[in-house]
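Right, one structure below, let's go through it.
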Amino acid sequence: MRTCSRNSLLTAAAATLLVSSGCKPVRIETPGADTEAAGKIRATLVSASSGGGETAAASTGTGWGTLKGRFVFAGTPGAPKALLADKDTEVCSKGGMKLLDRSLLVDGSTKGLANVVVFARKTSRVKEPPSSTPLVFDQKQCEFLAPVFAARVGQPIDVKNSDPIGHNTNISGSDFNQLIPAGGGTTYVPKAETGMPTMVTCNVHPWMKAYMVFRKDGYVAVSAADGSFAIPDLPAGEPLEFQVWHERSAGPNGALGLEKPDLKWTPKGRFTLTLAPDEVKDIGTLEVPASALGT
Amino acid sequence: MSTVTSPSTVHHEHAAAHAPHQASFLSTYVFSKDHKVIGLQFLFSTLVWFLIGGLLALAVRWQVAWPWSDVPVLGKLFAQEGGQMAPEFYTMLFTMHATVMIFLVIIPILAGAFGNFLIPLMIGADDMAFPTLNMLSYWFMWPAFIAFGASFFVEGGAASSGWTSYPTLSTNIASSPGSGWGQTLWLLGLTMVGVSSMLGSVNYMTTIILMRAPGMTMFRLPMTIWAMFITAILQAFALPVLTAAGFMQLADRTLGTGFFSPEGNIVNNWMQSTGGGQPLLWQHLFWFYSHPAVYIMILPAMGMVSDILTTFARKPLFGYRPMVYSVAGIAGLGFIVWGHHMFMSGMNPALGVTFMVSTMMIALPSAVKTFNWLGTVWGGRIQFTTAMLFALSFVSMFIIGGLSGIFMAATPVDIFIHDTYFIVAHFHYVLFAGTAMGVWAGIYYWFPKMFGRTMNEFWGKVHFFLTFLFMNGTFFTMHILGAVGFPRRLADAYHYETFHHLQPLNAFMTWCAIGMVASQAIFAVNFFWSMFFGPIAGRNPWNANTLEWTAPSPPGHGNFDFQPVVHRGPYEYSVPGVEKDHLMQTDPPNAAAAALAAAH
Amino acid sequence: MSRLSGILWSLLFLAVPVLGVATFAVAPAYDIWLPKDVSEHGKAIDGLFYFILALTGVVFIATEVLLFWFLWKYDAARNKNAATYIHGSHTLEVVWTIIPAATLLFLAIYQMNTWADVKMRRPAMSPSVEVVGRQFEWRLRYPGRDGTLGTADDLFLVNDLHVPADEDFLVQLKSMDVLHSFFLPNLRIKQDAVPGMKIPVWFKATETGQFDIVCAELCGWGHYKMKGRVTVESRADFDRWLESQYAKQEATQPEPDPSTAVARAE
Amino acid sequence: MKTITQRPFAGLFAVTFGLASLVGCGKTPPAYFRPNMVEATKQRLSAEQEKQVSTILLAMFGTPDEPVCLPETGLDEAKLRLAAGPVRSDVVGRKNGLYREHCAHCHGITGDALGPTAAFLNPYPRDYRPGVFKFKSTERADKPTHADLVKLLHNGVPGTSMPSFALLPAAQVEALVEYVKYLSMRGETELALMRAYFELDDDAQGKLPESREFLVDETLTPIAEKWKAAADARIQVPPMPADIDLVASIAKGKELFYGDKANCVKCHGVTGLGDGQANDYDDWNKAIVEIGKELASGSAKARETSTAGMSPEELAEHRAQLAWLEKFGKVLDGDALHPRTIPPRNLRMGVYRGGRRPLDLYYRIHAGINGAPMPAAKGTIPPEDIWHIVNYVRSLPYEFDGELGADRPMLVRDRF
């Protein structure tokens, strides 16, 4: 009897063990999605189509103003690294000259921080249509001459190649990746805004790198060698939100976040202000701490 | 029950001689050098792997029957994919199924478990010739267990180039996920199994030649021992080739030696830097071992079945010497037929003709054995014990397995059925319906000797019936699948118009396979339950003749409590003029001799 | 009880030959049998298959029934007379060694000719097509107009083999990466493609139609999807098809209308 | 004996039942679309934001088992249902599951090229989510036409693991193409949504509007429009000059190939073996590489900065940064394949991924290859010159080139 009870106990244990293992009726929908919320959204989506389209910002003011300022780098920029330029050396490193990393250009004397992009995010009106006189985007000695290049949508750009060797210019996220024959060139007319600046490369010489930013309204400026920038002819009398970008900044998508409470400067690298007609608003010297850049 | 009374002095001597061995638990049960413990260690490990291999087979069958459908239990591994099995996972499944079944189950359970347990007992020795080697031969299995088991969890997963691991699929790391770490581990595991078998076979040969009890001449050895002996020889001669080949493949994979890869062979846009090798070289080397291995996987079972048949037919083995010669013949011919695995491989067709002839000839000794088994059953007094049923089914199924081999041996027919389910049916009839049945027969037959208790006969027969039924349901249908040309190793064959209509048949086979595995639960419970609560068995529950039945059940350390002396062959059943229907090999010759004299 | 068990068990063993034969008898009715043969040499192969089937069938039935009969007759529970004490019979051993030996030897010699026809007596002609196995597709190359492979006018195709009927057709079989096996069930052709080897495969198709090309040697995770199609057609159709494919390959202008491209997918 | 046989009876059936139930209840959860974790992390989305994206996508596109699409997508939902859903090979005459039967194990249920087999393929399978396709008859930035995708399925992509589906019935190919478009649009929408968070004004509290205006008119429609426009955006191919002298044309082509104008030699190499500029990435891999750089520099910076003397909010900022970096590390381990450089094509192999017709080569050279470094020649190289290059490239596999000497490339003559 004793043996029998023990035996049945043993088998029962085995059975329960087998049954319990791997037997959980789990039925999950898409993980992380809220199913009934999705149901509601779908209801609104399938509902009758709305006129929609882009809602242009309301035009509230008249006249035009100018925004200017100057970026300086608060910190010590290390010596720029030399780029690995191992192809076509007879051209790319002529006379042993080295191509340098240009992602952080600080003016020695003025401490000015070059190549900071400032543009207005949304505007209601523009002073004049894009000019048809082409801008020039040139490359020489395996380097794009302009590290950061701003243009207005609709304005033609002459992409040139002043080198004795062939290049190609590849504007990522655009429809443009063209052969640029030695000494030749082609014209590109940007069709769409880039949002944040987009990278330009030459696939033949992978170290070649630049950035381009296209804006519909053309309200965009790139800080000069001394760090100064100016955006003229901005629509006055309405709140304007500006976006600030730098290649090296630690913020999301290169947004340059600064501690500027007076301008309501956000971590997304934006500040807002309203210009009076014919005002030349100088937001003064903007100190960019080393921590703001991914140095 | 024949209880052999022995001079008490001898008994005491033995007890004294072996007293010091009663050491710590570790040295008694884990690192024991006692052939019986080692045998049981082999038995338990291989049975566990048998279960694993069976489950792998089920997963394979599931995919074959219902490709890409939600796999039960396993499906949880592929939750994001909706429970659908990835094709490379399927290739890993059948590769590891074959690997586990061949290298971790059949070979070790025959040579390792039964060989170890039975050889000393049946020849009247108190242990193996080299107990330490014997222990090592078991513990070398563990690296193999670990290597094969671990390979599922390395990057890329387990080996996926089939158990034959043909180059360049296996040598070229880029050719398949499993050809990465999985394949390397596979080769390492294989080598370990090889070492283990080699240690075993050296041991068996020495033991059988040198340690037979007084009076036990070679031609008084039971068939089991003969089979084990010849198997050991086969292994000793064939294994070095495989080991060498394995190391060559390892070198190909790790050092880029390129023994097996031709020049400029591009896989997955990855061009092999080395070349100058020949993929066929591996096939020759591999099959030079693996064809004899086929006989390593069946001969011991044949031997055990012969003994069991005689015991329960209560009749001498029909044609003892022809049986021995045919085993030897199979072993000899086994070395010159490997090419019949390569008829379609691009090997010189003229060479194919040669191998075809030798292959036809190797069917001969098998036929002789079959006829002798029939002769043994003829005119006996058959007792339908579980062991006997399994042994009989071995004979019945081996006939099928043997005959289906002739189709493949006929080269022109092989053109059509090569690598189809016909061959799958063939080797499952030899290895599962044959060897596995023989193994079960052996377990039911020698269980009393192993644990001193008999297994439950009723559930044993239920187990036999279900296994026999489902097994034929699964494997016999494979023949007709093969006749359609249904190729093996296809994750989904139903998009071929030729095979589209075979899905229902495959589904049926898969259900049978599931039933087959499920019914092993009966065996498992019966096995472990009987181990503790089965009825106590005496020394000789089956009234058999061979020496092991004169020892206590289970035999103590040193096996025999007296020195067995052999007076006759192992199969003296139903001798006219003898009151009991069996004459044990140790029975003193006096009365029996007279009776025998009268008989002849 | 035990009497009954003996009967039941022997009947179980009788079931083996009965059901075994039944399976093979019924299978053709459900079309689970040799697929339609459209090759010249296939007849011989199928004939051999049936011959061996008959031969083994007889042996199978004989031995299995014998086994059943012995179990039935010599069941200890129902048969009281003692077991025959016999160690074997020399004559019998000789008989059942000689007869199978003779049969098997005959079989071996009987089939050699077919084997030679399919694998050894290669027709004297240059390859009609080159088939290259590659994970996981059959890449085909026709010699083109000049009839020689490796020239600029070769025609490249995938998985879609076309063959003129009633003509010797010589395939030059190669593999680019791993082992494959070129299996044409309906043409009774199977040959491994081995990297580094050029293996000739030849056949003569006797009927037009479309049939499968199967890969019969494990070639990696996608082994199952290595499906091809062989189209046997008259010489005229074959030439027409060749020309159309060649024109397609040399196209310098897009098809006038996308829908034709869709149509091509049929 | 009797008492002994009774007992295991119960036990046996308990065990067999146990096994049976184990097999029976293996129900796995339905397949789901994996979120684009790389982009989500790059845009530094919060958990709520990730949740909102999945929710919106669920509303707009449904699940792999029940795909839905808004009329704006211009997709045929019937075709989608044919391609979507689990493979029910146990149901005779089943009507769906095509994508998971033929494509999912490489391209992934989500079309993110993260299927179980993907990591082992070279090149990696295509990730549909950016909506960029290489081999097509349209201008570089345009979507492929329906016919392009059908042709691609028909021929496969020679030289890659993409096999030919020529033997599938046309209806099934149609369904698969439609489903690829569906996955692509879904992926593009996902990207757009994730990027939209950055463009949000601050008063939105980092929550996207769930209005029809935003989701459909501003997000989905522009994407769908590009797909619809593809059919009319096919490149107009001027016919190859009828009287062209092939030998002369090839010579001219060779000149251009090696010259500074077309500059092919720079990448495809003087030998034409594709051994020129070879350490560049395609757009899919480049994205991962860039992120990897960002991650590396970020964590380096994090290691340097000492938290000593940080104001609480600075400290919080710092912690957030660390958390973000850690998450990125995980994402790159789990949701991205290890980036690989893209070698320029070896032009002597006679293998043309986008098709071997002269027409196909013309497309490649004229428009370049979207997503790959291959630039467009249009505008700077006149059509007849493109035809010359085409002829030269087509002659390369057969050209005997003495310069190459002993280590000659593998000609078509030997293999392809």
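Chains: A, B, C and D, in written order; residue numbering restarts at 1 for each.
Throughout what follows, a contact is a pair of C-beta atoms (placed from the backbone, for glycine too) under 8 Å apart; a residue touches a chain by one contact, two chains touch by 3 or more.
These numbers were taken from a predicted model, which means no experiment stands behind them.
**Student:** In the touch network of chains, how many steps separate chain A from chain C on the shortest route?
**Tutor:** 2
**Student:** Which chain pair has the highest count of C-beta pairs that touch?
**Tutor:** The chain pair with the largest number of C-beta contacts is B-C.
**Student:** Can you name the chain whose C-alpha mean lies closest to the mean of all the C-alpha atoms?
**Tutor:** D
**Student:** As a quick test, compute the distance in whole Å between the mean CA positions of chain B and chain C.
**Tutor:** 30
**Student:** How many angstrom between the C-alpha centroids of chain B and chain A?
**Tutor:** Centre-to-centre distance between chain A and chain B: 68 Å.
**Student:** Could you put a whole-Å number on the gap between the CA centroids of chain B and chain D?
**Tutor:** Distance between chain centres, rounded to whole Å: 49 Å.
**Student:** Where the CA atoms of chain C average out and where those of chain D average out, how many Å apart are those spots?
**Tutor:** So the centre of chain C lies 40 Å away from the centre of chain D.
**Student:** For chain B, what residues touch not just one other chain but two or more?
**Tutor:** 73, 76, 86-88, 176-177, 266, 268, 492, 525, 529, 533 - these are the residues of chain B that touch more than one other chain.
**Student:** Of all the residues in chain A, which ones touch at least 2 other chains?
**Tutor:** Chain A, residues with two or more chain partners: 4, 7, 10-11, 14, 22.
**Student:** Multi-chain contacts in chain D: which residues touch at least two other chains?
**Tutor:** 8, 11-12, 15, 19, 22, 25-27, 29-30, 32, 117, 120, 161, 415
**Student:** Which positions of chain C touch chain B when the two form their complex?
**Tutor:** Contact set of chain C toward chain B: 5-6, 9, 12-13, 16, 19-20, 23-24, 27, 30-35, 44-45, 48-49, 52-53, 55-56, 59-60, 63-64, 66-67, 70-71, 74-77, 79, 82-89, 92-93, 96-97, 100-101, 104-105, 107-108, 111-112, 114-116, 118-120, 135, 176-179, 181, 183, 185-186, 188-197, 199, 211-212, 214-225, 227.
**Student:** Considering only the defined contacts, which chain B positions touch chain C in the complex?
**Tutor:** 86-88, 91, 160-162, 166-169, 172, 175-177, 261-263, 265-268, 275, 278-280, 313-322, 344-346, 349-350, 352-353, 356-357, 360-361, 363-364, 367-368, 370-372, 374-375, 377-384, 389, 392-393, 395-396, 399-400, 403-404, 406-407, 410-413, 415-416, 418-420, 461, 465, 468, 472, 476-477, 479-481, 483-485, 487, 489-493, 495-498, 501-502, 505, 571, 573-576, 581, 599
**Student:** Touching chain C in the complex: which residues of chain D?
**Tutor:** Going through chain D, the ones touching chain C are 102, 117, 120, 137, 145-147, 150-151, 153-156, 158, 161, 163-164, 166-170, 173-174, 231, 234, 237, 239-240, 356-359, 362, 394-395, 398, 411-413, 415-416.
**Student:** For chain C, which residues count as touching chain D in their complex?
**Tutor:** Spelled out, the residues of chain C in touch with chain D are 132, 135-137, 139, 141, 149-152, 154, 156, 158-160, 174, 176, 221-222, 225-229, 248-255, 258-259, 261-266.
**Student:** Where on chain D does chain B make contact in their complex?
**Tutor:** 1, 4-5, 8, 11-12, 15-16, 19-20, 22-32, 34, 64-65, 86-90, 92, 97, 100-101, 104-105, 109, 115-117, 119-123, 159-161, 410, 414-415
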